[in-house]
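Here come two complexes built around chain A, the first alongside chain B, the second alongside chain C.
Then we have the complex of A and B:
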C-alpha cells in the first residue's frame, strides 16, 4: 500500500512536470530594439539578451530586459541613455507581464501564424502602464516564436528629455521585439 | 604738463588692466564652460582596462550567489566591476552587436559577457571551448543568466 502510494506520487509528479514542460516556453536571447526619429537625428539601440516566458495553455507572457544591455552605435549615446534618461542604476529593468487570452491552436502547438492581442502592464523607468499590442505568434514544427511592434511615449514613463536635446529625441519611440522560444524544461 | 602726462599714462595702464582682466575672466569662463560640456556631454567612461575590480570570484560561486539570493547578490555586485574565472561555454557573434562570451556555471544559467569591443580574429582563434578564462567587466544584473557588460579578457596567470 505504502509502495503504491509512493509510486502514484512519483507518477503524478512526473506527469505534472511533463505537462509543465509542454506548457511553458522560454528564451533568454530575445531581441528587442527601439527606434527614435527626430528632426536632428535618428537613434537606434538593441539587445539580444531579453528574457521571456510564455505559457501557451494560460496564454500568459512575461518579458524582462536589463536596460544596460541595450547597445548603441555610439558609446557616448549609450552612456547618456543610461545615466541621464533611463537612470538605469536606479531602474535597472523594463518588464512586461500580460496575457493574450486563450487560443486553442497555440495551446495545442498547431502549425500556423496567429495574430493575437497582448494586454498587460509595461514597466519602464519605474512607471507601470497598461498597454495593448498586437502580437504575431508562429508555431512551426514544435517551435514557437512571437513578434511585435508598438509605440512607447517616453513622457508617459516619466523620462525627462532636456530642452537642449528635444530636437534629437522623439517623444514616441518605436519598439520592435522578436522572441524564439524553446521548451522550458 | 607732467601731471597731465602722468594721468594719461595711468589711464592707458588702467585700460590695459581692464582689458587683461576681461580677457582673464573670459578665458576662465571659457574653460569652465568647456569643462562643464566635457564632463556632462562628451566624457565617456574610462576603458575597462584602466579600472580595478572590486571582486574576483569563480563562475560557479558567482552564479550560485544570484540563484540563492538575487537581492543580496544585486546589492553586492550590480553596477560594480568584477573579475570572473570560469570555463568557456560558447561565443555568440551577432551582426551589429558586440561579441558575447558565455562562461559555464553549475546552475541553471550562464555568465554572459558582452565585450567592450569587437574581438580580433587572433583573439577569437585563441579562445578554445572548455578552456579557463579570466574576464573583467561591469555586472548589470540577473535574468536567469548573469549579464556582464564592457568586458575584457585578462591573462589568467
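Then we have the complex of A and C:
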C-alpha cells in the first residue's frame, strides 16, 4: 500500500516535469541574416549558431546570438563589424526577450501556420530597445518553427557610422531570422 | 505518509522552480563555449617599418605604398627633408588565411625583396586557449644599386636574408604588444661589420579611438659590431584606418623600408634630430 502511494507520487511528479519540458522548444542552430544596402555597397552577414527558446504555454520567446558568430563574405568587413561598430569584445551578444501573447493552437501544437506579433526588448551593442515584429510560427508534425523579418536602425542602438563611409553603410538594416525548434529537455 | 507528501511536494516545487527560470538566463546556460580568436591585434601588416603578426586573408591582395623623406634636421635647403624622398611599393597576397606572399621594391639602394609570412598560432580564448599570435617571417632582399665601398660587388654580395618570429598579444581591446626575435644575414659587409646580426624588436599599438592608434617600434641589435655609426631603429607613428585603407604617418630614424636596411643599417640619431618623416598607405582589394 505504502509502496504504491510512493510510486504513484513519484510517477505523478515525473509526469508533471515531463509535461513542463514539452512546453519549451529550443534551437541551437537558428539562422539569422542581416542585409543593408547603401549606394556603394551591399552588406550581408549570416550566422547559423543563434540560440532561441520558446515557451508555447506562456507565449514567451528568447533569442541569444554571439556577435562574433556573424560571418561576412569579406573578412575585412567582418573585422570592422566587430571592432568598429559592434565592439564585440565589450558587447559580445545580441539578445531578444519577449512574448507573442497566448495562442491556443500553438500551445496545443495543432498543425498550421500562425501569424503572431512578438513584443519585447531587443538588446544590441549594450542598448536595450522595445520592438514589435510580426512572426510566423509553423507547427507541423510535433515540430515548431518561427520566421521573421524586421528592420533595425543602427543609430538607435548607439552605433555610429562615420561620414566617410556613409555611402557604404546604410542605417537601416533588414534582419531575417529563421528558427527550427526541437523539444527542450 | 507525511514524509512522502513532503518529498513529493519538494519534488514538484523543484520542477516548478526550474520552469520559472528566465528564458534568457536559460539560453545563457545553453550557450556552448566556443573558441574566440582575437581580432584586429594590429590593423595592418606593418607597424612602422617592420611587419606585424597580421597575414592577409585568403585571396586578398594588399597594395602598400610607403614613403620616407630625408632628415628633418637637414634644414630649409632640403625643405626639412622633403626634397629627398624614397618610396617602397609592394604587393602582398593571401595564399591562405595564414600564408602571405609579398614582393616589393624600395627606391633607396634600389632594393627588390620577396617574403613569405606564415601565421603559426592565433591568440584565442575558450575551448582552445592560446595567449599569443605567432607568425614566422622570412625574406630575401637584393640590392641592385652598386655599393661604392665594395671593390667586388657581384650578385651574391648584394643579397641579404631576414628571418623573424613575430609574437604578439592583444592585451586589451585598445592595446596590442609585439616582440620580434630577428636574424639578418648579409652576404657581404664592410670589414668592421658582421655578416650575421641578431636583433630583438619591440612594438606596440595603442588605440586612441576606434579608428586612430599610436604605434611604436624599436629594434635592438644584439650583435655588437666595430662599426660605431649604426643605431637602433626607432619609430613612432599615427595609424588611421578607414574602410579598406590603413594610413600611417611615421617618424623614424631609419631611411630604408627593407628589414636588412632598417634593422642593421640605420645611421640616424633619433635624439639628434635625424628623423625621417614618412607615410604608409595600404589598400586591400
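Just so it is clear, the second predicted complex is superposed on the first by the 175 of 185 C-alpha atoms of A that agree within 3 Å, B and C clash if a C-alpha of one lies under 4 Å from a C-alpha of the other, contacts with A are read in each partner's own complex, and residues count from 1 in each chain.
One rule holds for everything that comes next: contacts are C-beta pairs under 8 Å (C-beta built on N, C-alpha and C of every residue); 3 or more make two chains touch, one makes a residue touch a chain.
As the structure is a computational prediction, the values presented were derived from the model and not from experiment.
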Overlay on chain A: chain C relative to chain B, clash or fit: clash
Comparing the two partners chain B and chain C, which touches a greater set of residues in chain A: C
Touching partner for A:66 - first (chain B), second (chain C), both, neither: both
Chain B versus chain C as contact partner of A:162, first or second or both or neither: second
Which superposed partner A:48 touches (first chain B, second chain C, both, neither): first
Chain B versus chain C as contact partner of A:138, first or second or both or neither: neither
Residue range of chain C overlapping chain B upon superposition on chain A, of 74-82, 200-208 or 218-226: 74-82
Doubly contacted chain A residues - partners chain C and chain B: 28, 51, 64, 66, 68-69, 75-76, 79-80, 89
Partner chain C, residues of chain A touching it in the complex: 2, 5-6, 9-10, 12-13, 16-17, 20, 23, 26, 28, 51-53, 55, 60-64, 66, 68-69, 75-76, 79-80, 82-84, 87, 89-90, 95, 97, 162, 164-165, 168
Contact set on chain C toward chain A in their complex: 1, 4-5, 7-8, 11-12, 15, 18-19, 22-24, 26-28, 30-32, 34, 36, 39-40, 57, 60, 97, 173, 210-211, 242-244, 284
Chain A - residues contacting chain B, complex: 28-29, 46, 48-51, 64-66, 68-69, 71, 75-76, 79-80, 89, 92-93
Sites on chain B touched by chain A in the complex: 41-42, 44-45, 78-79, 92, 94, 96-98, 100, 109, 112, 114, 138, 140-141, 143-145, 147, 149
